[in-house]
Amino acid sequence: MADGGAPASSSSLVEKQFEDFRLHLEESGSLRERIRAVAAEMESANRIMHSSLLLVHQSRSVPEVLEKAKGQIVVLKELFNRLAEILRECPGQHYRYHGDWKSETQTMISLLAFLHWLETGNLLMHHEAEEKLGLDASEFGPDIEDYLIGVCFMSNELPRYVVNQVTTGNYDCPRKVLKFLTDLHAAFRMLNLRNDFLRKKFDGMKYDLRRVEEVYYDVKIRGLTTNDDSTEDQGTTQA
Amino acid sequence: MADGGAPASSSSLVEKQFEDFRLHLEESGSLRERIRAVAAEMESANRIMHSSLLLVHQSRSVPEVLEKAKGQIVVLKELFNRLAEILRECPGQHYRYHGDWKSETQTMISLLAFLHWLETGNLLMHHEAEEKLGLDASEFGPDIEDYLIGVCFMSNELPRYVVNQVTTGNYDCPRKVLKFLTDLHAAFRMLNLRNDFLRKKFDGMKYDLRRVEEVYYDVKIRGLTTNDDSTEDQGTTQA
Amino acid sequence: MADGGAPASSSSLVEKQFEDFRLHLEESGSLRERIRAVAAEMESANRIMHSSLLLVHQSRSVPEVLEKAKGQIVVLKELFNRLAEILRECPGQHYRYHGDWKSETQTMISLLAFLHWLETGNLLMHHEAEEKLGLDASEFGPDIEDYLIGVCFMSNELPRYVVNQVTTGNYDCPRKVLKFLTDLHAAFRMLNLRNDFLRKKFDGMKYDLRRVEEVYYDVKIRGLTTNDDSTEDQGTTQA
Amino acid sequence: MADGGAPASSSSLVEKQFEDFRLHLEESGSLRERIRAVAAEMESANRIMHSSLLLVHQSRSVPEVLEKAKGQIVVLKELFNRLAEILRECPGQHYRYHGDWKSETQTMISLLAFLHWLETGNLLMHHEAEEKLGLDASEFGPDIEDYLIGVCFMSNELPRYVVNQVTTGNYDCPRKVLKFLTDLHAAFRMLNLRNDFLRKKFDGMKYDLRRVEEVYYDVKIRGLTTNDDSTEDQGTTQA
């Protein structure tokens, strides 16, 4: 060691630095706690929305189910805007805390996408999700990989939906779902998935597709569908 | 499902969206590959610097060891600036990719801090690390938690150093290192560590401290130190 | 250290304290052994009851199966009252030893609930479980979380039951079980489950529900059910 | 299933029961959150007290160190009484939540016992710990096993203390600590330890004893102790 000169002053500089760190860690710790509090509320709103949507499997009227589920979109919109506001306090650090709300985002996307599909028969687009949540993409919106994972989760719900619809006598449902899922699966196949979790979830979509094909086969082989087989969709109003 | 309006066009919108995603994933994938290539070079520079510094345990002349090790600082500086340049392409996404170079940053800090301590007897401050690497903190510098973890790693090197110095007859070394480590440990204790990895690494510093105390005890009990016991440090020039 | 005054007497005080501890640990140790002995007998009674109940999957006459299984309720009642008596010796320490019998309670609840459902088509209520065991809730009864976990275990038995009933030609069974399980699942969803184990068990109920839906789908698609699709239940007497 | 009588009313009874459970789980969940908040403050007070006590290893004046550390006893006393107050809301369920504060109790006992030993040279008795915390044993005090584990933790601090005291020239310290630790170890050996964690911690005390014996041997063999070897303690005032 070279001559230390003024070790006492060096020691007080170290103390000063750690005092700064203490404040820094307190700040980022309390920021994280606030983010986690919002994420916990998101999880709760997701749970309520999920409960409402699940009724669609019990042959309840779709419009009634959708009306109830939509009530939670307002709540989620408020929560995402509260999150965006917190993140505005730490510009450029969005991804530092991203792990604390990404799972909630994925679940929410899956629910919004299922609701949107029940309503329109179409895939909820990424920009439509942002609009529903009142978010400005240039600043803060659902991460694209979280959106894609959410869409995979939504696909997992479809085989069950098809089975329950056929049970209630809606024999046209499998064909429609099959067309939707086939297109979705083809679209995903365009992507070079390097995110391991996303790739695994996408692999699961294959099983959803297979199960829907089997149900479609069951209704066809028993002559339960009366309409033509054209994959052209002629209006998608559902029971 | 409500009447879908124009399903064919909906299908092409989906295709368009996934084409956008494909480009987005390609871009972020290739960005990540470039970051990982830089991180691999950092790891290599760290390894060379570590090899040079290890010679200090073999009673080589400290100035000679330092000279060689410093050669790698130039390399690391160039690499960090290359990394900063890549990150300038994706503003606000620094923390998205942070996991790809944080381990290299921690190792580098531990090496720079050891080198600095050998040279000056003082702790390398965070802003000094930034200066050595020619980084502008306002834009991109070593994360504070990475700095703290690196300092813990550096502490792990000290017991071995003390043992080897005593072996070569430098009986005054344990007292100096003990004072440095005691102050460092006390400074860390001011922090409320919520980062689990950092907390664990800091817990390890306790064993370094204890080991150095044991060595100091050994030289004291054998009457190998000649100076008085005052914990006052009277100049820290080292052999 | 300040002047210790009378160290010898201090030493004997320490001895006295540890002698008290020795007695205390002996007592709580032997209490625990007695509790574990009762728990071991409970496990055995549960196993016998489970064996009896499993015969219901083999198209045995339900009343005969129930008669045999009910024989163990008497045994379990006696064991729970023996346990209550032991716990009366250590008032307020019920939860100290709770880990020693909770798994047995959960299994027992699942068996009682399955038996009750076979008999009545209804969910065994918590207070009904207490009555069957002759316990006084104000003093000692099955923990609510253990009751809920037991109910989840019971749900795991239902898909297998449905499959075996359909095999024996009871095509009306899936509809009834589906209604029961759907209501149960909806009731659980009202709860904010913070107990990780319970939450995980409840997550499993979803798969039971899905499996029963699949069986219901199978009998419907093959036209094996003759009754209308109304989810209204018109009398639940079972084969 | 027997004739269900009034299935609709059964369904509403289930709903009523789960509504009760929902309230019950909310209540116990919020109770647990309040307990955990107190436990987090205990951990923080322990951390501060530990930092103060650690200075005793750096040859600071013992009375000064003790004065500072004692400041936290007031805080801990307030926290334990707050905890006792919360537990008064759920009589007989003390042990249900015990896992949430037991680790904090163990650490606190180890710190109080070390402080007490530095001050008096004696072991902090269980009832003395209760008095320091202003707790009423008949209602709520530190669990005996937690007390014993805390004492084991305190023993772990002694070898380091002895080493540092010898380094500063207090050659009489090893003999005193050795006597204390030998008595403590003998007292523990009276107990039949069935608690696995406690047994393991006690096993560790053996290594503390061995290390102190080695230090005592070192000072003896070098003729650094001048007083007689009688294990009779003649006043324990410490440097």
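Here the chain labels run A, B, C and D in written order, and each chain numbers its own residues starting at 1.
FYI, a residue touches a chain if its C-beta (ideal position, glycine included) is under 8 Å from a C-beta of that chain, and two chains touch if they have at least 3 such contacts.
Nothing here was measured: the structure is a model prediction, and the numbers come from that model.
Residues touching across the chain A and chain C pair largely diverge in numbering: under half of the numbers involved belong to both copies.
Taking the mean of the C-alpha atoms as each chain's centre, chain B and chain D sit 35 Å apart.
Computed from the mean C-alpha positions, the centre of chain A lies at a distance of 46 Å from the centre of chain D.
The set of chain D residues touching two or more other chains is empty. Chain pairs that touch one another, listed by label: A-B, A-C, B-D, C-D. Contact residues of chain B toward chain A in the complex are 1-4, 7, 10-11, 13-15, 17-19, 21-22, 24-26, 29, 32, 91-96, 98, 117-123, 125-126, 144, 148, 176, 183-184, 187-188, 190-194, 233, 235-238. By the touch criterion stated above, chain D contacts chain B in their complex at residues 44, 47, 50-51, 54, 57-59, 160, 163-164, 166-169, 215, 218-219, 222, 224.
Within the complex, the chain C residues that touch chain A are 182, 186, 189, 192, 210, 213-214, 216-217, 220-222, 229, 231.
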